[in-house]
Each structure stands twice: as C-alpha cells, then as structure tokens.
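First the structure, then my questions, so here it is.
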Amino acid sequence: MNIFIKLKNLDRRWVFLFVALSVIIPLLFPFALPVVPTKAVANLHKFIENAEALPEGTRCFLSFDFDPASEPELKPSAVAILVHMFRRNLKPICGANWPVGGEMAEVALVEAANAYMSTYEDMKAQGKLAPGCKPIIERGVDYVNLGYKTGAIIHVKALCNDFMYPYPQDRDGNSTAEMAIFRNPDGRRFAMSDVGLIISFTAGTGGIETFISMAGEHKRPMAAGCTSVNIPRFTTYLQSGQLIGMTGGLPGAAEYETLIERPGKGCAGMTPQSIAHLVIMLFIIFGNLAYIAEQRNEAKKKG
Amino acid sequence: MSIFRRPPRSFVPILALILCALSMSFLMADQTVESTVTEHRQGEAALCCSDHGTTEELTAKPAAEAKPWFAKERKTVLIIIVLLLLFVSYFTFHAQRKELFIRRISGLSALEDAVGRATEMGRGVMYIPGIMDMDDIQTIAGVTIMGHVAKKTAEYDAAFYAPMTRSFVMSVAQEIVKQAYLEKGRLDAFRPDRINYLTDDQFGFVAGVGGIMMREKPAACFYLGTFYAESLILAETGNSVGAIQIAGTAEPSQIPFFVAACDYTLIGEELFAASAYLSKNPREVGSLKGQDMLKLVIIAVTVIGTLLVTISETEFGKGLTPLTESFMQYLK
Amino acid sequence: MIFLKRTLPLIITFITGMIMIVAFFSGEGLPSIKSLESTLPKWIQIIMTFTMVLGAFSLLRINLQKISRKADGWGYSLVLIIGFLSMAFLGFITGSWPMFDKPLTNGEIYYVLCEDNVSARPIRVIDNLKDKEGKIKVEYVDDKGEKLADTESAMIPPDTARTRNMSYANSMQQILFVGVFKNAQSTMFSLLAFFVASASFRAFRIKSKEAGLLMGSAFIVMLGNVSIGSLVSQILAYIPVIGPYLNIADIKEWIMTYPSSAAQSAILIGAMLGYISASMKIIFGVERSHLGGEG
Amino acid sequence: MTTLLITTWVGALITLCCFTFLIKDNPFYRFAEHLFVGVSAGYYLSTISFHQVLKPNLLAKIWPTYFASGTAAEATPEYILIIPGLLGLLMLFRFSSNLSWVSRFTVAFVMGVSTGIAVVTSAEQYLIPQVKKAIVPLIVSGDYFGSFSNLVLVVGTVSCLFYFFFSTEHRGPVFGNVAKVGIWYLMISFGAAFGATVMGRISLLIGRFNFLLSDWLHLIK
C-alpha cells in the first residue's frame, strides 16, 4: 500500500520521462498494431471507390487548409487519399485557404505521385487499378496545385462560378487556361459544378466550414480531414449529412492507409500513439489506486 | 450629451420599444413580399439544376425587382436582440429599486483570498486576459475583471504581472490598472513595466510567460479570456510553481484543461457574469437577470420545438407539419 | 474637457456599434450601409497594426533598461534584442523585394530557392525578356559560374531570382524563421503531450461522482481512439448478454455525439448570451472601464 | 545545402533547449525563450504587421504607384483609408502622459465596431444553430436506441442551460436536481473533450521526435 501513496506524490518529471520513452522507443523499433477503420473513414473510402458516384477521370477539389504545425496530423491522410485517387484515375485539383497551404499540398502531391508511380506495376498486376490508369502521371493533366488565394468564403464563391478567374496561374506560375485538366468537353469554363467531390484538410477555422457554408451554391458532396481536436466539432456535420466522410487525426490517416493497403506515416504513428495512450491511462489508474490507498489509510487512522 | 454620462431611466426602454416597433414593421412588410420572392427562388433552383450557363442572367432579374432594405433572413437575430434588450432594460430598472440576487460563483469568491495569499507569501499575482486582440468580447471581459483584481493587488500591495500578447490590449490594460491603483490611492505602486508586451506569436508568448512564471513564482494566477492550445501549458506551469489558479473562458474546447489543472474555473457565461458579480452594480446585475430570462425563452423554444417535431413525426400529428415547418424556419 | 475625454469616446462607441448592427440587418436595397459590414472590420485590422509600434517600444524599453542596469539575466535580454532587431530588419528587406533590387541583366548570376524552400542555388540569366507567361529563361550553374552538365535551361518567374546579397539576407532570415521560430513553435506546442499526461495523472481521481464522470468519459474516449480499444472490445464481447454491445469505439462515438455535444451546445448558447449582453453594455456605455479614468 | 544544414542544426538545438523547460528553469531554456520571443516579435512586426497587413491594405491602396505592383499599381487611390490610418496614429499618443487620452477615440472606435459585430454575429452564427441542433424528434420510429439518444441530447442541453442560471440558487427539488444533471453532462463533456485531444497532442510530439531522429540524426527513415 505504501508504494501507492508514494506514487501519489510522484514528481511529474517521471510522467514526462515515461511519455517521452513511449514515443521514442516505438519510433526507433517499429512494430505494427491492428487498425480497424471507423464508419466515417470507411464511408469516404467507399465513396471514392464507387465508380458510379465518381466515374474515371472525374476531377476532385482538395483544399489544404493547414500549416506546418498540423502537418504531422493532416498530411498522412492527404497523401493516402491522393494515392487512392490516382489509383482510381481521379484527377485531384489542389487549392488552399491557408497561406502556406500551397506548400503543404505540393509536398503531399509529390509524395503521393511518387508512391503511385513506384507501385504502379505491382498494383496493375494485382488488378487494383482503374482501367484507365497510366504508369506516369503528369502535372497539369492528371493533377494540379493551384496554391493559396486570399478571401476564404469570397474565394470559394468565386470558384463556384469559374476556376480560371481566381486562378489564372497555378502555384508555379503556369497558365491554367491551357491545362488539359481544366478542359471541359463542351468548352465551358471549369467551375465547381464540374467537381465530383470536395475535400478540405482543415486544421482550425476557414477550412471545410467555408465550403459547407457555400453548399447552397456548389451542391457538391463534401468530405473533410481534420485534426483530432476538431473531431467533436466536425462530427456534427457528419450527423447532419453535410459531410459524406471524414478522416480524423492520425488514426483517421492510419485507417485510410489500411483501407488502401498502403501503410505510411499514419500507420507508423499509430504504434507510438497507442503506447503513449496506454502509458497515460496507466498513470490515471495508478493515480486512482494511490488515492484509494490513501483514503483507506486515513480511515484506519480514524478507526 | 449627459445621456452618456448618466443615462436617464427612460432612455433604454424607449430605445428598445422603438427597435421593437421597427422590427415588427419589417417583419410585417416581409410577409407581403415573401410570396413573390419564394416563387422566384423556386424558379432559380430549377434553373440551377438544368442549365448552368444561363443562371446568371436570370438570377439578376428578381434582384432588380425587389431590393429589400431589410435582410429578412436575419429576422430571428433581430428578435433575439430586441428581446434581450427588453428584458435587460426592464430588470435594470427593477434592480435599482430592489437588490437582485446572484448565486455564488466559487471562482470569483476565491479571487480575493488568492490575492491575499500572494501577499502573505510575499509573491506576486499574474494575470493573463487571453491571447486574442481587443475585438474579442472575451478579451474585453478579461480586461474588465483585471481592473477588479488590480484594485485588490493595490489594496494588499502585491506585485501585479500581466505579460501581453497584443499591443492594443496592453495599452488598454495599462490604462485600466493605472485607474485601479489611482482609485485606491496607490499610484506610487503602479508599475507599467510589469504590464508588458512580449510577442504576438501564440507559442512565443507561452514560452515567455512560462519563463516569467518559473522565475517570479507568482502565488496566484488568473487566466480570464480567450485561450486556445496554450491553456494547459500555462495551467500546468502555474501548478508546478504552486500557484492558486483561477481560470475562465468561453472557448468550449479549452474549458476541460482548465477544469483539470486549475483550482477554480469559470465556465462559459460565468466569465461574462464576473463583472456584475464583482461590482454588484445594480445595472450590471439587472442585465444578468435579463440574460437569465432569455435563457428561459430559449429553453421554452427548445422544449416546444422538440414536442412539435416529435408530434409531427408521428401518425397523429400530420396536421401539425406546416406549423412545425414555419417554426423551424425561424431557426434557419 | 470632460466632454472630449469622456463623453465623446462614449458617443463614438455608441454610433459605430449601432452602425454595425444596422449594417448587419440592412438588405440589398441599402448597398452603401451594407458595405460597411465588411469595410469597418478591415479598418480595425489596420488600426491594430499601428499599436505594434507601442508593443515593440515596450519590449525594447524594458530589455534595454535591464541591459543598461546590468540587472540579473541581462545577457538574455541582449539575446532577445538581437533576435528582435535582426528578424525585424531581415523581414523588412526580404519582404520588400524586389523594391531594392535592379532589373535582371543577361549573363549575370542570381540565386533562386531550392525545392526545400530553405537553401538557394545559383542560376545564370540567358534571356531576360519575359515570355507570354511572364517568365524568363535561365540555366543552372555551380558556385563558380560553370553551367551544370546534367541540367537543361529552365523558365522561371523573374521575381524569384535574387542577387547575391539578397540571397544571403534571405538565407539568414530562413535560419531564424525556420530554424528558430518554426522549431520553437512546434516544440512548445508538443510540450502539451507531456502536460496532458501530468494533468490527467493528477486531476483524474474519483473524489466525487462528478470527478468519476469526468475521468470515465476521458478514459473511454482515450481508449476508443487507439487500436488497443478494439482489442479491449473483443475481450468485452465475451461477457454474456451485453458483451457484444460493448464496442469501445461505438461508445466513444455515442458519448461525443450525444451527451458531450449537448453540453457543448449549452455552453455555447450561454456564452453567446454573455457575448451579446456584454457587447450591449459597452455600446450603451454601461461598461466603460476600458476607457480608463476621468483624467 | 549549407543553409539547410545550419537550419536543421539550429532547429534541433532550439528544440532540445525548449524541451528542458520540462525539467526546470535553466540557462538553456532561458536562452531559447528569449531568442524565440525576440525573433517572433520581430517577425510579427516586419513581416506580418508591415508586409502582410499595412502594405497591402493601407499603403498600396492610398499610394498604389509606390507600394503596389502589377495591375494594382494603376488602381485609383482609396483616400477614405486615411481615416483608419489617422485613427491608428492616434494610438501613438499613448507615449505622451498628458495627451494619452487622445488615443481613447481610437479605443472607442475599435470597441464600437467589434461589439457591434459581436452582438449580431454571435447570435446568427452560434446561438441560433446551437438551439436548432437541440431540437430533435424524441421518437425515432423503429429505433429505440435512436429515440433514447435524442432524449439524452435534449435533456442535456436544457439541464446544462439551467446550470447557467445566475439569479436563482441551485437548490430545491426541481431546480437543484436539474442543475445537478447539468453538471454531470458538463463533466462528461469535459472528459470526452480532454480524452479526444490527447491524441492530437501526442501526434505533435511524434512529429517533433521524427524531426530529431530522422531529419537531424538520421537514425530512422
């Protein structure tokens, strides 16, 4: 019993040490834990997988509304979704409502494109690619990064009418008017109504909520990737059906990676994540045991 | 312009009545044009689905025909504001005649003890009015309470530290604290350099405050205002130096951390009630009572709405469906 | 004087507050009032940047005082001042680019940013005439100005190329911005992982029914968030009758979407009532402490 | 590449210095803290305040020929923006002890606009949607659990609102109990929000250790 009472007054630096170790050790010596997809992630995967909802060649708009502070949480799910889109021969168009979102999108696009191209032969052999998939995908034809534009809701409203006006050039300064990805068969200007799905990777404000508030204008299905802190807030939109699916935090990414059978940063992060959670929960249990032990001691003294 | 120095008793209710009358007339006027507008809307919606190219020219038409002076989709907001104004003005005058009751808010009752304890221990008091700028109402509430705390530190002669993350808030806070020290006749003890600007960056500020806390070891810490991720860093650091901590924020995501790590936490609305609670100014207490009445109205709306929705979902309540729809329309 | 110092500010607050409310309710029939709804907040942003001068002055004065008095830890104040001044200076000149630089000349060597967004690489301008996309033709060279063998000429936007001095300034700024600022920022943020652990160790003790609820829901949500949760659910499934319904992840979802979200709504509703009445008190001049004293 | 190397090393050292905050106050943390405060204040002064706010929103609009580039340079100057510029300059009267009251006009203006906005937007964007969220049918046909859940939602919202009543004591058989239920709901909600956040915080720590172990020390891929 005395051990527990000592535990109660444990210096918090011991807690810190255990948390640090619980993250460092699994990072240095990785091992895998099972990942079970939740409904919100599975729904999103199913929607992208569904060839009727999103026929091959459909263009999807991905908004990168986060900054480096949230990159560890949001980039893995962005990469996983991009890889899935490439394998389904969908064409991601990336934009950003946050100033450094363009850079975030660039990093994710490069990583996803490389992942797709390096596994092309294997996936083709397993028959897991859409029929129209090409071994090498090109910027401006199969994907594009438009970068950041100010204006948030006004900007999204502008996109609903026409993409070329707010984005005369992509992030690297190439003219969008000539890009194959924006060409419509009937020669119409490319607008949000031509997009099959809108996904926003949102770290705080100004992300998917801007698109939701403009839902009356664009009437497109929407999904979100969000940080863990925002999961409670965004669950409301899932309930109300405004979002078809959502990947929440690093576990959301890990679940999506499991669904597309490509373990990446998300799955790698899940092990330290689980261990650290376990350590914190053990500390809570010990804290309570110590508390109970102390209560008993006091009761004995009184008795 | 003495109105602004001491508003006459009749000023606020008259204004409220005028606003009420105006809003009613707006709402009545709406009813008449509504039918025509809805038709246009339906036409628009149909066109949107069928053909994208021609929507623009057609949407322009109805706009040219009827340009309302009043944004009718915002009528519910007007109703809320007018109701609150009516309640508040009624109870404000009521309060001047008879003292109104406020329930005990333990965090605020502990405020004076905390300052007293700091004095006994010969250590300072730290006050942080959130990390947002002056255009945030929580910051304004935090800065107002700061005046009350500063009066106590002036009385007890405890050191008052208030590092700031926004220059604008800093300049307002210096003025308020100076005034508090002046009122207590302790202007000589006022140290403007302890109400200093650090940096606008959220975590740069946290790093700076953490350092100040570790070195000055304040015996009481107050965090009242808007807080985000830094809430727990501040509260845990304060805890590790053994300070009594009183926190308050209306940011739902951060309340749990304050509840876990601080001694007292003002939850949501309690932060805004603090000023009335501490000053016991009848006008402020009256406004609190007015808020309570509006809360009662909101509860009534919730209950009635729930019953309406429930009944119209059942087989017997089909007749209630139009009523339910028009009820819910106000909550759009 | 009292009118100027005391009453006029109250009138200004009342009028501007009322203008904002009227602007909010005005429809499309009153475009000039409607536009104020978006104009005035922008003005506020501009006004608030001016106070940065006050902040910078406060920061400099306090730390310079410490240095001149050789107060305890004055060396750190020196570090602060050096960091502040160098970042302010570098930020000012790199942000003012291309205002301080001459137009590009053919054959000269300039520097552009590498893919890592931090370091710079040298280029030589071949043709400084802009093409229809507004780009100029350059080739990649090594430090001595020799063309790199395995590279082709490229088209770049001219405002990304910098002279040698500007490139140095830019590198210095990147070291301070990425090296110090960004890293310190994310490290301070990540300290929360430790504090979350120590706070839950200390605070989550079942001292009362309420504390038990607090701990219980935190525990379930933590468990439901990680893969160990599904393992626990599998074990719980062996409990007869109710076992199969005890899926931790589902319970977590339910807590988040019903009881938790109900409380969150109530907090927000209460807080918003507080917002509205606190704002009204300021507009009507009931609360006026922010203006300071009579003097 | 040297810049990248220096940046990584500086970053790693600053990261380690910041981590020492967990142990106790020490010279390393104190150094990093002061450098961080100085650098970030400098960054906000020059890059954010001047280059991202003042220049595009004020200077480039009043003197487009000097401060704007491209097509914006030919725009007509918006002289109305001199008003906020002057109001901003009034703030600088704070430096004078006799005339500091002049800055009150600016404070009054800022307070007026921000409270005016707060009155209406908080009602529209938060109050009404939250009330609407709480109105759900108590009977979901064929789904007993769904009906129960909706009941939980409505009871929770109403009882928590009762907790926030200030003008009555939380006593009595009805009021006392309802407010108590409200506290239970609040506690469950706080616990859940706390538990949900743990994950995000640990992700951030993983991100930091990834930087140290892979970008700096190259111990892991």
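Read from first to last, the chains carry the letters A, B, C and D; within each, the first residue is number 1.
Everything that follows uses one rule, which is that a residue touches a chain if its C-beta (ideal position, glycine included) is under 8 Å from a C-beta of that chain, and two chains touch if they have at least 3 such contacts.
Here the structure is a predicted model, which is why all the values come from computation and not from measurement.
Enquirer: Tally the contacting C-beta pairs at the B-D interface and at the B-C interface, and name the larger one.
Expert: B-C
Enquirer: Closest chain to the overall C-alpha centroid, by per-chain C-alpha centroid: which is it?
Expert: D
Enquirer: Name the chain whose C-alpha centroid is farthest from the C-alpha centroid of chain B.
Expert: Chain A.
Enquirer: Roughly how many whole angstrom separate the Cα centroids of chain A and chain B?
Expert: 33
Enquirer: List the centre-to-centre spacing of chain B and chain D in whole Å, with centres computed as mean CA coordinates.
Expert: 15
Enquirer: Using mean CA coordinates as chain centres, what's the chain B-chain C distance in Å?
Expert: Inter-chain centre distance comes to 23 Å.
Enquirer: Hey, how far is the Cα centre of chain A from the one of chain D, in Å?
Expert: It comes to 22 Å between the two C-alpha centres.
Enquirer: List, in ascending order, every residue of chain B touching at least 2 other chains.
Expert: Within chain B, the residues that touch at least two other chains are 74, 77, 80-81, 134-135, 137, 140, 168, 171-172, 175, 197-201, 203-204, 207, 229, 252-253, 255, 257, 259-260, 267-269, 273, 288, 291, 295, 298.
Enquirer: Going by the contact rule already set, what residues in chain C reach two or more other chains?
Expert: Within chain C, the residues that touch at least two other chains are 10, 14, 21, 24-25, 41, 44, 48, 51-56, 59, 181-182, 184-186, 188-189, 191-194, 196, 198, 200, 202, 204, 214-215, 218-219, 222, 225-226, 256-257, 260-261, 264, 267-271, 273, 275-276, 278-280, 282, 290-292, 295.
Enquirer: Going through chain A residue by residue, note those that touch at least 2 other chains and give them in order.
Expert: Counting only residues that touch two or more other chains, chain A contributes 12, 16, 19-20, 23, 69, 228-229, 231-232, 236, 251, 273, 276-277, 280.
Enquirer: Report the residues of chain B in contact with chain D in the complex, numbered from low to high.
Expert: So the residues of chain B touching chain D come out as 74, 76-77, 80-81, 100-103, 105, 134-137, 140, 168, 171-172, 175, 197-201, 203-205, 207-208, 210-211, 214-215, 252-253, 255-257, 259-260, 267-270, 273, 288-289, 291-292, 295, 298-299, 301-303, 305-306, 309-310, 313-314, 328, 331-332.
Enquirer: Could you please specify the touching residues of chain C with respect to chain B in the complex?
Expert: So the residues of chain C in touch with chain B come to 3, 6-7, 10-11, 14, 21, 24-30, 41, 44, 48, 51-56, 58-59, 61-62, 65, 181, 184-185, 188-189, 191-192, 195-196, 198-200, 202-204, 214, 264, 267-271, 273-282, 284-287, 289-293, 295.
Enquirer: Touching residues of chain C toward chain A in the complex: what are they?
Expert: Touching chain A: residues 117, 133-135, 157, 182, 185-186, 189, 193-194, 196-198, 200-202, 204-207, 215, 218-219, 222-223, 225-228, 230-231, 249, 253, 256-257, 260-261, 264 of chain C.
Enquirer: Which residues of chain D touch chain C in the complex?
Expert: 1-4, 6-12, 14-15, 18-19, 21-22, 30-47, 49-51, 53-54, 57-58, 81, 83-85, 87-89, 91-92, 94-95, 101, 104-123, 126-127, 130-131, 133-134, 149, 152-157, 159-161, 163-164, 182-199, 201-202, 204-205, 207-208, 211
Enquirer: Taking the complex as given, what residues does chain D use to touch chain A?
Expert: Touching chain A: residues 22-23, 133, 192-193, 196-200, 202-207, 209-210, 213, 219-220 of chain D.
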